[in-house]
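Here come two complexes built around chain A, the first alongside chain B, the second alongside chain C.
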Partner chain A sequence: MAGVNIRNIKKSYGAIEVLHGISVDIEDGEFIVIVGASGCGKSTLLRMVAGLEAITEGEIEIGGRVVNEVEPKDRDIAMVFQNYALYPHMSVYQNMAYGLKLMNLPKDEIQARVDKAADMLQIGEYLKRRPRELSGGQRQRVAMGRAIVREPSVFLFDEPLSNLDAKLRVTMRLEIRALQRRLDVTSLYVTHDQVEAMTLADRLIVLNDGYAEQIDTPLNIYENPASEFVAGFIGSPPMNFFTGDLSTDGKSIEIDSGAKIAVKDYPVGDNVGKPIRIGVRAEKLEPCSRNEAEIILKIAAVETLGSETLAHGFTDDGMAITDMENSIVVKMPGDARPTVGEELPVRVMAGGLHLFDVGTGKRVGG
Partner chain B sequence: MIENRPIVTFISHAVIILGIIVIAFPVWITFVAASHDALRMTQSPLPLWPGGHFFENLKEALFVGLDVGGASQPVAFMLLNSFIMAMVIALGKIAISLLSAFAIVYFRFPFRMGFFWMIFITLMLPVEVRILPTFKVVADLGLLDSYAGLTLPLIASATATFMFRQVFLTIPDELLEAARIDGAGPMRFFFDILLPMSRTNIAALFVILFIFGWNQYLWPLLITTDQSLTTVVMGIKQMLEAGEQLLQWNKIMMTTLIAMVPPIIVVISMQKMFVKGLTETDK
Partner chain C sequence: MLKRVHFNTSWLPFALVAPQIFITVVFFLWPAGQAIFQSFLLEDAFGLSTEFVWFDNFKELWADDAYTDSFSRTAFFSLMVAFLSLSIALVLAGMADRIVKFATTYRTLLIWPYAVAPVLAGALFVFMFDPTLGLVAYALDIFGYDWNHKLNGGEAMALVIMAATWKQISYNFLFFLAAMQSIPKSLLEAAAIDGAGPARRFWTIIFPLITPTTFFLLVVNIVYAFFDTFGIISAVTDGGPAGATNILVYKVYSDGFIGLDLGGSAAQSVVLMAIVIVITIIQFRYIEKKVDY
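Entry: the complex of A and B
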């Protein structure tokens, strides 16, 4: 059992710096998810904790011991890889026992540990099989078993579910979370899937281009995203963004199409009279009557999901089919039946407004 | 193919049967010649059907040998020499190229690619091309007339190194990383993971290299004068140079027949692994 302290970690490949100084203190038993788009450096960060990548600058501590120069095997960690990385010529049992054998544990101790892990993961009946004879989900379980038997103080997961199909991913996600709770082992988990990130994490690290944009609990991040990037990345459907000008009295924002959005009591600071980015989540836009409306959308597409209906619209007529990623999404109840082409007047619900600086993308106010 | 035209079937079968005849007929003649006595082989026309002296010839060739210019070596002894040479060459080549491919793929050292290309370039320099300098080196090292001289110069192998490099490149990096986390050092990883994962490729290469070693002719001829180091292939050649004496075709053919057996045994016994090693891509 151990916490992990990451202090101002930087990574460069030649002259190119890919991680620009990341610091986080991870408590014992905490489940931390590192999330970000591909190429943001999240795997690199994890691999530096594992000891598979050299640390250019900064310090990593595991259980109070600086491990910068410590070999992976001596860091008291176990890692689960995206492609499982099982030894193809060994049986499931041998795969799980290999690391223990190299630790020179006595045979009966190895047997006991493997049996216990196999039992926990319900892979007992496959112990004699080769990895190639197993399905994707079973292989993933074996890979986790191999991590568990080491009884490490930190688990590292590198996108362990991205090779599985959607349904299995949901089940395995729940299993991983339950397993981690039961073993109470500090875990670092890398994913690009924000749903996985939200559901698994005690705390999230949102990485963007080698910077940690925000480190907080999933709910705090959802409710108070620290930047436009975080706001757009976390949450599904993604947050709606507009550009507008904050009025000189700081009470309303006029967006490009001429519509006015009330600022209410949002602390705008010294941004009065300046252009500003507005973010509103789909569920914080409510349809209303025409005279109460702040924005009038022309619906371009409707997604009926049963439990909810998503209406995609634009504030002007200049909507193009290829421009859907910039559409404004309104989340409506499942029985709502908006039709394409119709106008949908909406307003921002109380507390639904997020303001971001146009230049830096950082959150304005609280 | 779904196509079913009798004329195509006929032609393709005819070609195949013709091919088989072209390849098998000389072998048949060898077998027939090996089963007659020496006298019959001097009369024409040459026999096309087996005679009754097969086991007699077999015994004499294997254990007595031919009287060639005074020195006579039983074929069994030559077989042993050939076997030792082929085994040492095949195993030596595999061991050396496995290790050099391991170094080139998994270690970062100065001039790594330089070394790789140096090895690669030797592909263009088989023994026949560099035979004089190689002979000089071996002679200066005092390795003439020894097993070491017979095998060492043939062991360095670019082909096998290159092949193992390709095999290792297909093995995912995560496997190495998983092994590192499991606590395996480089040699542990080599023996526990890489070797077993390349075993079919090793088998395929062994078959090819064994036959390569077995069929060596020019080099052993040059490097050895000592009768005790004669290999089967050299032996056959010496039998044909019997000078004044009458060529004992029945025993020469018997020796040829015997010389064919070990490669066949190697191919047949390793056939399954051989095919797998050449075709398998899934790692």
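Entry: the complex of A and C
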């Protein structure tokens, strides 16, 4: 059992810096998810904790001990890889026992630990099989088993579910969470899937281009994203963004199409009279009557999901179909039946407004 | 499922494979047939008369100590060449696999010897080890060792083994390196986290995973040592001294073209042919069975 302290970690490959100083204190037993788009450095960060990548600058502490120069095997960690990295020429039992043998544990102790882990993961009947005789989900379990038997202080997961199909991913996600709770071992989990990130994490680290944009609980991040990047990355469908000008009295924002959005009691600071980015989540836009409307959308596409209906629209007619990624999404009840081409008047619900600085993308106000 | 391509005209596919078939027939099947036929004949030294003698040539071979000696000599030679060239190549590949800087330079240099013709490889070693002129022989002399492969049969054997091994290392290296690089990096990383040091990782992960390649190379190397080393023997020792390096493939030549015992030589080449066939069958059998991970 141990906490992990990451202090101002940097990583460079030659002259190119890919991680620009990341700091986070992870408490014992905490489940931390590192999330970000591909190439943002999230796997690199994890591999530095594992000892598979050299640390260019900064310090990593595991259980109060600086491990910068410590070999992976002596860091008291276990890692689950994206491709599982099971030894193909060994049986499931041998895969799990490999590390224990290298620890010079007595045979009966190895047997006991493997059996216990196999029980927990329900892979007892596969112990004699080779990895290639197992399905993706079973391999995933064996990889977890190999990590568990080491009884490490820290679990590291490098996108462990991305090779599974969608349905299995949901099940395994829940299993990993339950397992981590039961073993109460500090865990770092890397993923690019924001649903995985939201559901698993005690705290999330949102990485963007080598910077930690925000480190907080999933709900706090969802409700108070620290930057436009975080707001757009976390949440599905992604948050809607507009650019507008904050009026000089700070009470409303005029967006490009001429529509006015009320600021209400949002603290706008010294941004009055300046251009500003507005973010509103799809579920915070509610259809209303024409004279209450803040924005009038022309619907360009409708997605009927059963439990909900997503209407994609634009504020003016000129938008092309190919521009769908910039469409404004309104989340409506499952029984709503908006039609393409129809005009949809909407307004921002109370507390639904997020404002971001146009230049830095940082959140304005609280 | 592979899509099958159909030709409209029936003669085209035949025309396309005809050159290859022609070459196979003229340079392989015909000489092989000739050898089999000739192995049943006894010819006088002047080539004036031939007699059909059935298996007499073969019986004579097995009764001949020189031939059975050559057999065990060949076995020793090829096992040594296969073992040495495989193990040295394995070590080199293992090291090249870990290198990051200048990796391509090392690899290129290590592959070069493969481009050297066997006779030239032999000539290189003759020059280096020549008892009167050779640099290595001179160096050995400084250490008080009197090297003379022209008189000492053991030294002659060592020399041809060295030359043949040196030539084959590149080929093995290439295959070993490719096999090692196809092992997913994460496997080795997992092993490192599990507590295995570099040597342990090599023997418990890398080596078992490249077994199919090792087996393939073992067969190829034995075939090489059996049949492709004629040039080296011819250039380095001519089978001498006193037949100490007279391996089967060289004996076929020396008995047939120097000793002019055409029937006996043909019988020897038929035996060699049988050996190749057996090795090939073993190889196909096992390689087919061998699991790929």
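The rule is simple: the second predicted complex is superposed on the first by the 366 of 366 C-alpha atoms of A that agree within 3 Å, B and C clash if a C-alpha of one lies under 4 Å from a C-alpha of the other, contacts with A are read in each partner's own complex, and residues count from 1 in each chain.
Basically, contacts are C-beta pairs under 8 Å (C-beta built on N, C-alpha and C of every residue); 3 or more make two chains touch, one makes a residue touch a chain.
Note that the coordinates shown come from a computational prediction; the quantities given were computed from them, not determined experimentally.
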Joint occupancy of chain A by chain B and chain C, clash or fit: clash
Which of chain B and chain C A:Ala85 touches, first, second, both or neither: both
First (chain B), second (chain C), both or neither touched by A:Leu52: both
Which of chain B and chain C A:Val195 touches, first, second, both or neither: neither
Common interface positions of chain A, toward chain B and toward chain C: 50-52, 71-73, 77-79, 81-83, 85, 87-89, 98-99, 102-103, 132, 146
Partner chain B, residues of chain A touching it in the complex: 50-52, 71-73, 77-79, 81-83, 85-89, 98-99, 102-103, 132, 146
Residues of chain C touching chain A in the complex: 184, 186-187, 189-196, 200, 204-205, 208-209, 293
Interface residues, chain B side, partner chain A - complex: 172, 174-175, 177-184, 188, 192-193, 196-197, 199, 282-283
In the complex, chain A residues that touch chain C: 50-52, 71-73, 77-79, 81-83, 85, 87-89, 98-99, 102-103, 132, 146, 150
